[in-house]
Every structure is written in structure tokens, then in C-alpha cells.
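In order of appearance the chains are A, B, C and D, and numbering begins at 1 in each one.
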Amino acid sequence: MQRIINEPQNIVDDMIKGFSKAHSQTISTTSNPRVLKYSRAPVRGKVGIVTGGGSGHKPAFIGYIGKNLCDAVAIGEIFSSPPAKAFFHAFKAADSGKGVACLYGNYAGDNMNVKMAIEMAEDEGIEVKTVIANDDVPSAPKDQINKRRGVAGEVLMWKVGGAKATMGGSLDDVITIAQKAIDNTRSVGVGTDPCTIPEVGHPNFTIEEGKMEVGIGHHGEPGIKVVPLQTADELAQTMLDVILPDIPFNSGDEVVVLLSGLGATPVMELYILYSKVAEILNEKGINVYRSYVGDYFTSLEMGGVTLTLMKLDSELKECIDMPCESMGLTQL
Amino acid sequence: MQRIINEPQNIVDDMIKGFSKAHSQTISTTSNPRVLKYSRAPVRGKVGIVTGGGSGHKPAFIGYIGKNLCDAVAIGEIFSSPPAKAFFHAFKAADSGKGVACLYGNYAGDNMNVKMAIEMAEDEGIEVKTVIANDDVPSAPKDQINKRRGVAGEVLMWKVGGAKATMGGSLDDVITIAQKAIDNTRSVGVGTDPCTIPEVGHPNFTIEEGKMEVGIGHHGEPGIKVVPLQTADELAQTMLDVILPDIPFNSGDEVVVLLSGLGATPVMELYILYSKVAEILNEKGINVYRSYVGDYFTSLEMGGVTLTLMKLDSELKECIDMPCESMGLTQL
Amino acid sequence: MASFSNKNGVIITLDLIDIINANKQYLSDLDGLIGDGDHGINMSKGFSKAKKLIDETQDNLSSSLKILGTILIDEIGGSMGPIYGSMFLAFARNSKKHELIDEKVFSEMINNGLEKIVSLGEAKVGDKTLVDTITPAVRAFDEVIAKGESFATALEMMKIAAEKGRDSTKDMVAKKGRASRLGERSKGVLDTGAVSCCLILTSISESMNKML
Amino acid sequence: MASFSNKNGVIITLDLIDIINANKQYLSDLDGLIGDGDHGINMSKGFSKAKKLIDETQDNLSSSLKILGTILIDEIGGSMGPIYGSMFLAFARNSKKHELIDEKVFSEMINNGLEKIVSLGEAKVGDKTLVDTITPAVRAFDEVIAKGESFATALEMMKIAAEKGRDSTKDMVAKKGRASRLGERSKGVLDTGAVSCCLILTSISESMNKML
């Protein structure tokens, strides 16, 4: 993998520069170089939606800044949580006085930095509440569900939370439904090829040729098993076997399916996989209400996919259906 | 690169299956398994927009079927032109009686298959006119501009042609503006890593570590020079040096910039590159009216990028600004 | 005049299909050198499909060629679909009214096939394509017949001319197709289409000769 | 009671920064074994930035620690930003009112630092983190002082305890941080944070001892 970059240590800054130029209509820079915001934020009378996380997950996180999605995002180094100060400044950028919902993923660094940022916000009278995404089933057993990582399910959490905020929901309303969204969401990742943190210069994990890692994390965290590379049809079954029993998803349920590539896997292959996922769900009587197939939450140039299912009720449906506009997701 | 597929020879069929399931709201299958259409096509009173080409370029080509874009697409094997019959069936699926604009790229196979398809259409009284995209500057010198290949500039051609058709333009109107769009468009590709046709199983070209190929085609066709891998800043200059003098683009011009990844290159890197592209254009007094940065026209898992510029006038602007909705491009 | 019956000629089509399928990997590998490595794969897909259909119908030479040509055009695409498709359809069209295929009929078949290829692909001799194989082959056939030689001899000379034509592509710089982008770098390697075309013409020559 | 002046203590902070920067590659490589290979890189970014600022202001130990802690929290992120940031801020807060740093002040500094780390990261001894280095180090310091030994001796014993703590992580199964996902596979390798924390405490111990 050869990179199109300048100095590896400036990757994040350079990327932010390009991103804010390319989306100057909808994205504004802030006084903190590691915070970008929706140009209309803080949106009057609306709860602010903030997220943040390490870089290298395009479109996540900044790609979900926009209309009816996130108002401000704290940006970390590659695969590394943003500083507490960045989260704090994102809160400030998003708060219109109605409070801020910080919807982020369950990683040690993010937990600590958000915790400190909330203390800073309290000192300035900004009310912040959090929902911590933990949709990644293989990252911990069900009785330790709070230890699970957040992965591509975060996109659905932002979609739902962002929609509720636009509908005029209070901070508690937004937090409640974002929590419901993630509680109803399960994901599993499978890795087929590793990725490299640019400054490190070599992959910090390997996936043998002919093998795949089931349950891999969004930074290459080890999964639950390494097995021979499966066909797309087999893989669909393998992934659904991990997530379907966990809530569980049952016949009659309506779901959103989000199938995201991890980076290098061609989108063509996602569709091949999706075909079987949809077939199996159909056989089980699980109704696909809406599906998203594409690169929604990547890990640099890792090979592989994340499959995410969210069980819907009428309130979640309404939020999922709301139009939105951002680099990562635009929906009429 | 490990693939998530079933049988390599069924890749295209499997992908079509998944794609039509995932987008069942907007995409319909047709009696020809290698033709997909917009579910509302033929749109009454509207000129039909058809394209087609080899597979492996996601979102191209089927990802641009949708509202105010393409009505029907003929789908070929990986990197291989669709059969004449598929183009013909796409014409039939798109024609509402106002004729069909077939907007495709300049490849020998496509030229021959479209030619035969038009004969078939004539026999059935369907009027078809073509615009052949030839935006890829390095593929032939300017005095042989008709030999140039079509690459990512095709996306802009579809956008413009699709908008004009929706505005009620006649077949000649659509053809005229689509031709103007491509005449005002220039592209250059740079490859950093090769890709593999799944059935072949190994890359059929190589790019040495530490080198990059300037002018590479969308199927790995050799470029104009192999040079040491450049920084993003240098590369922006290299690419602009190829395309700016060709029309030429001058101070005071307004342009659309389309920066597309070729597959494996993380979108983060596209933004890093875009930052310098925008800076250089700005220095030259060329005004970026709109920019698209992302994976708009890929080549399986090839590493690298295509940079496309389109010079605008008020008519093209109107077409570029029109909302549209498809898997590859949704614009409010 | 020597001839064979159209009715018995299905084997000619089946033979050439077998030859192409047997050379699938070789043709792809060759294409890999200066093309994209899929020539054998592309060809074999269409040829195998046609074989099934022909096996089912087992009509005559013309109808089997029509099946092959139609499948190439309808389902195969690429450059080979229209080029070889048009060629086989031309072969079919020019033979279908004849119960017996003699040198005159065969000459019409291949001349019209060549015409179709050239009008579609616009390649000239020297462009490093299959046109470099088929053009001298067709000319050799006609010349030998004009000299009063037998159908069998003309078929034999056609084969030799095709081989020579194929070999001539080695030192050419490609002007058409994917390899043309390579410029000088395309020298030193046979053109894959020239090779597959030679396989087809050789197979036809040998199968027909067995039937005369 | 032995002590040194806060004013002259800037060198202590500069020394530990140098040590971390010198071990940038080593710490990253170590992190690569069971983490994501960026520990040295992450640390070095913040530490280098702080060094510049400290060089410019050259005030006293407390202010230099505050600069370091603030930069880690404001600009570095990851896990190390808040953890080491909080630790250095605690060191700064507990020393800033004192012109002279003696064993009592120092004990308050490191005890409060440890508290902050634990309240933030919720790691316990045995979880294979830097807590395994700093916890025994702080305890050793206090115990040695309680026994009536000198500040210098206590610093020396703190260093030895830190080293022991660091080594104890080798055979642990990680319970916190990235490596915890590896389960049993995390055994057999030192924890990178435990190593960097030992470097920091060792540097502090040695720099202070030179000033006593």
C-alpha cells in the first residue's frame, strides 16, 4: 500500500484542511484545529449532537457532520482518541443552550477524554449527556455488554439521534432514543487484510493469506476466531450467526441493515455479500426495512466488512427515514 | 488482496443480485439479466439516458442509475464491455418515445457493441444518439483527442445529460450538452498499486514499490510515465500540469473538481490531495464552483486517484446544481 | 469440385470450440503480457455456452455457427463478442443456403467474415490484431484457388498463411486494442487475438480437410 | 529534611521528556507486539511540544509539569493524553505552592497522581497497565519514608519498585486497554505503558537525586 500523503505526522491536519475546503458550504472550522462543525451549528433551539474519535475511519467521523446528523466532531490522530479539549470545544460549538448529546464509541481513550471534557463543560454551564455505542458483539460476551466496542452501528446512532434533535426533542429525548438505537443494534466485523498506521509504517497485525478474522475490531483488534477465508455466501451466514442470537432478532422483526466495507474491499464485493445476507434474513422472516451498503465506517485500507443490524420500532423508523445531508450519508 | 465472493465467474451476476436487492426502491431488474434500470424508467416525456461498461468500477456504472441521472445501464463482465444485446435492451428500457442518449466511454469494445446495438434499435424504431467520453488526457495527444479514453469525467457527463433530460430537453438538446460537458472536461489518473481481475487471479500489471504511474487507465492501461512516488502536494501539481494546459483552463474559469479514488486508496488521502489541488487552482485564479471528493469511479482495488476538471458555463452550472439521487451520487 | 455437406459440418464448429477451450489458460496468460489477461476467459465463456446449445440442436454447420455468433454478440461483450460474433454470423449467413460447402461458398464465408471484422473494428494489417491473421489467410485461400488448386490444398495454405500472419504480430507495435497504449513496449510478444484467430482458422482448415 | 528548590526543578521535567523522546521507537515497537504500535509516537508528540514551551518559559518544576500535563490533555488525546496529562497536572498542583520540594511534598504529588490515573482509567494492579508500575512505586516511596529513610533513598527505592512493577506486567493477561482484547495472547510481553511509566519515574528519581 503506497500512500498519497505529505508528512505522515501531518496526515490528520492535511486531511482536515482538504475536507473543510471541499465541503466549505456545509462545514466550518473552529478555533480548535481538531474540531469541525456544521456551518449552521449551533442550530437554534436544537440539541447539539457531538461525536468524535480517532481518524482513519472515513467517512466517520467528520463525514457525518451535516444536516440532521452531527453538529460538531472532535478529531483524533489516526486510531487515537481526540484530546479532552477537542471534545470540550466540540460541545461548545454544538450547544445552542439546549444541551449536547455526545454520541460516541466505547474505547478507553474516548471514555477518558469525554469524561474530562464533560467536567470542563460543566464549569462553563454546558449540559452534556452521553450515549456510548457498544454494538460490536464479538468484543465481549453478552454479560459484559458494557465492555463492547462501538463500530459501524454508531452511524445509525448518529442518524437517529440527529433526527430526534431536529424534530425538537429535548436532550433527554435525544439521549433516550440514541440509547435505544444502540441497544437495538448489533455488529460484527470480519477482516481479510490488515492496515497500517501511516506513522508506524507497517501493519501491527497480520491476516494470513487464505484466512479471515471473525470479530476483528475497527483498529485491527483481534477477533474471536481466525478461520479459512469463506465464500461470500458462507460469510453471510457466519456473520449473521454472531449477531442474530444476541438481541435476539426474530421472525417478524423489521431491521436496518448496514454493510460497510473496511476500506480496500471493493464495494462490488459488499453487494455480493449483501445478496446472501438479505436472502437469509428473508428466510428467517426478518424484514429489511432499509439497507445501507457501502463504505460507511472504514479502517484505513483494511480488507473486510462490518455487518450491522438495527431492530426497528415506529419511533426509530421515523428517525431513520428523515432526510439528511453529509459527506458520508445523504438521504432524500 | 483477499476477496469476499463466491465463484469468480459469477461475480457480476452475484453483484447485480445484491445491488438490486439493496436498492429495490429505485432499481428494477429487466428481462436481460445484464441490464438494470431506474424503477420509474421509461420516464414519460423524458429522453432516456443510457450508459454501460465493464464491471469493477463501482459506483460506476449502475450506481448512477437514478433520479435525474441514468435510466438504464448495460453491464459487462469485469473490465469488459457489455454485449451489444445488453446495450440494446438498455435502450429499450430507457426509451419513452423521446429517444435515447447513450453516454459512454471511449473503449474499443464499447464502441463496437454500441454500434451494433444502435443497429438493433433502428430496426425497432428507437432513436439513439451517442456521446463518447474522452476526458482522459494522457491516453492520447491532443491532435488525436478522439482516441482518448473516457474515465471519471463520465460521471459529470451523466450528471449534466441526466439533468438536461429532466428539464425537458430534446434528444438533440441532451446530446449537445452532454457533448459540451465532456468537451469541457479533462482527467488524469495516477496509479500507486495494481488490481487483479478476479478470474485472472493475479495483477496483470505491476507498480513498483516507491513508484507511481502517471496517466494510468481505469483498467491499468499504461500511463505516460512511471516516476518515484510523490508527496500529495507534488502529485497535485503533477496532475494539474497534465490537465490544465489541455483545454486550457484559465484564470477566471469556474470549474467542477472531481477527485475520485481508484479503490484501495483511503478517502482520507483524497482530501489531503484535494487540499493542494484547491490551493493551486486558487493561486491560478480558477474558481472551484463545486467539488466531489470520494470513490466515484474505481478500478477494483487499484491504488491511486483520478483528478477531473470540468469548465463551466451557466448552462452546465444549472445542470450540475440539479438535485439527483442514486447510490453513487445523491445531491439535495 | 470437392465439397462436404453442411449437415455434417457441425463437428467443425464443435472442434474449434474445443480448441479454444483447451487454450483458455494459454490465451489468457498471453493476453496478460501486454493486455489484461482475460482473452481466454472471455472467449471460453461464450464458446462453452454455445457448445451446450449446439450439442442440443445438432443441426448443420451454418446453424451451429449462427448459434456461436449469436451467443458471442448477445452475451459475451468485450471486443471479442462483436468481432468474432460478427465473423461467425457472416460465416453462417454465407453458407446457410448451401447444402454443400465447396471452395466457392467457403471463400464467400471467410471474405464476408473479414469484411465484418474490419468494418466493425477498423483495424488494418500491421495494427497487431487478429486482422493480421485472418487477412493473409483469406487472401492465401483465394489465391491458391485462383491458381486452380484443390479446396483441400487451399485450406492447407490458408492455415499456413494464418500461422505466418500470427507470427508477424510478434514484432509489431500495437495500434488497436488495449496493447496499443503500450506503444513500443508492445513489441516482442504475439498478439493474443492473432493467436486465437489462428487457432480457429487452423481448426476449421483441419476439420474441413478431414471431411473432403 | 533534604529538599531541592522548585525553581531549579525544570530540569527534572526536561530530563523525563528527553528520556521519552529517546525511547520513541522502542516504545512503539513494544506497543506493536500486543497493541497498535503507536505508544512512542503518541507520547513523543506531546512531550516534544511541551519541551519547546518549557524551554521558552523556564519557570519552575511545577509550571513545567503543568505545561506538560496541559499539552497532553489539550492536544494529545488517546489514552495517554488524559492519563499522563492528569498525572502531571496532579504533580504540578501538589507542588506549586512549595518553594522547596521535600519528601512530603513529593509524596503528595505522586499519591495524587496515582489517584487521578486510577479514577480516570479504572485500572487495578494486575490489569497489565502503567498502574502496575506506578502503584508499587508510590507505595515503596511512602514506606521507605515511613521507616525514616532519606528522600534520596526513598527515590532510589521508588525506582526499583517501578522496575519490578514494570517487569511484573510481562506474565499478566491484559485487562485494560487495547491488549485486553488479546486475552491469553497478551502474555509474555511487557506492557508498553508500564515501560514508559517506569522510564518517567526512573528519570524523576535520578534527576531529583542529583539535586539533593
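The definition used in the following text is that a contact is a pair of C-beta atoms (placed from the backbone, for glycine too) under 8 Å apart; a residue touches a chain by one contact, two chains touch by 3 or more.
Since the model is a prediction, treat every value here as computed from it, not as a measurement.
K.L.:
Would you mind naming the chains that touch subunit A and likewise touch subunit B?
P.N.:
The shared contacts of subunit A and subunit B amount to nothing, since no chain touches both.
K.L.:
Going only between touching chains, how few steps reach subunit C from subunit A?
P.N.:
Minimum step count, subunit A to subunit C: 2.
K.L.:
If we define chain centres by averaging CA atoms, which chain lands farthest from subunit C? Would you check?
P.N.:
D
K.L.:
Please work out the Cα centroid separation of subunit A and subunit D, and write it as a whole number of Å.
P.N.:
Measuring from centre to centre gives 33 Å for this pair.
K.L.:
List the centre-to-centre spacing of subunit C and subunit D in whole Å, with centres computed as mean CA coordinates.
P.N.:
Roughly 78 Å separates the two chain centres.
K.L.:
Taking each chain's centre as the mean position of its Cα atoms, how many Å separate subunit B from subunit D?
P.N.:
55
K.L.:
Between the chains shown, work out who touches whom and classify the graph as line, ring, star, complete or other.
P.N.:
Topology of touching chains reads as a line.
K.L.:
Give every touching pair of chains, nothing left out.
P.N.:
Every pair of chains meeting the touch criterion: A-B, A-D, B-C.
K.L.:
Which residues of subunit B touch subunit A in their complex?
P.N.:
1-6, 11, 14-19, 21-22, 55-56, 58-59, 192-193, 207, 209-210, 212, 229, 231-233, 235, 263-276, 278, 291, 293-295, 298, 300-301, 303-305, 323, 325, 327, 330-332
K.L.:
Name, in rising order, each residue of subunit B that touches subunit C in their complex.
P.N.:
Residues of subunit B touching subunit C: 9, 34, 54, 76-86, 108-109, 112-113, 115-116, 139, 197, 199-200, 202, 204, 217, 219-222.
K.L.:
Residue numbers of subunit C touching subunit B in their complex, please.
P.N.:
Residues in contact with subunit B: 28, 31-32, 35-38, 41-42, 45, 73-79, 81-83, 85-86, 120-121, 176-178, 181-182, 185.
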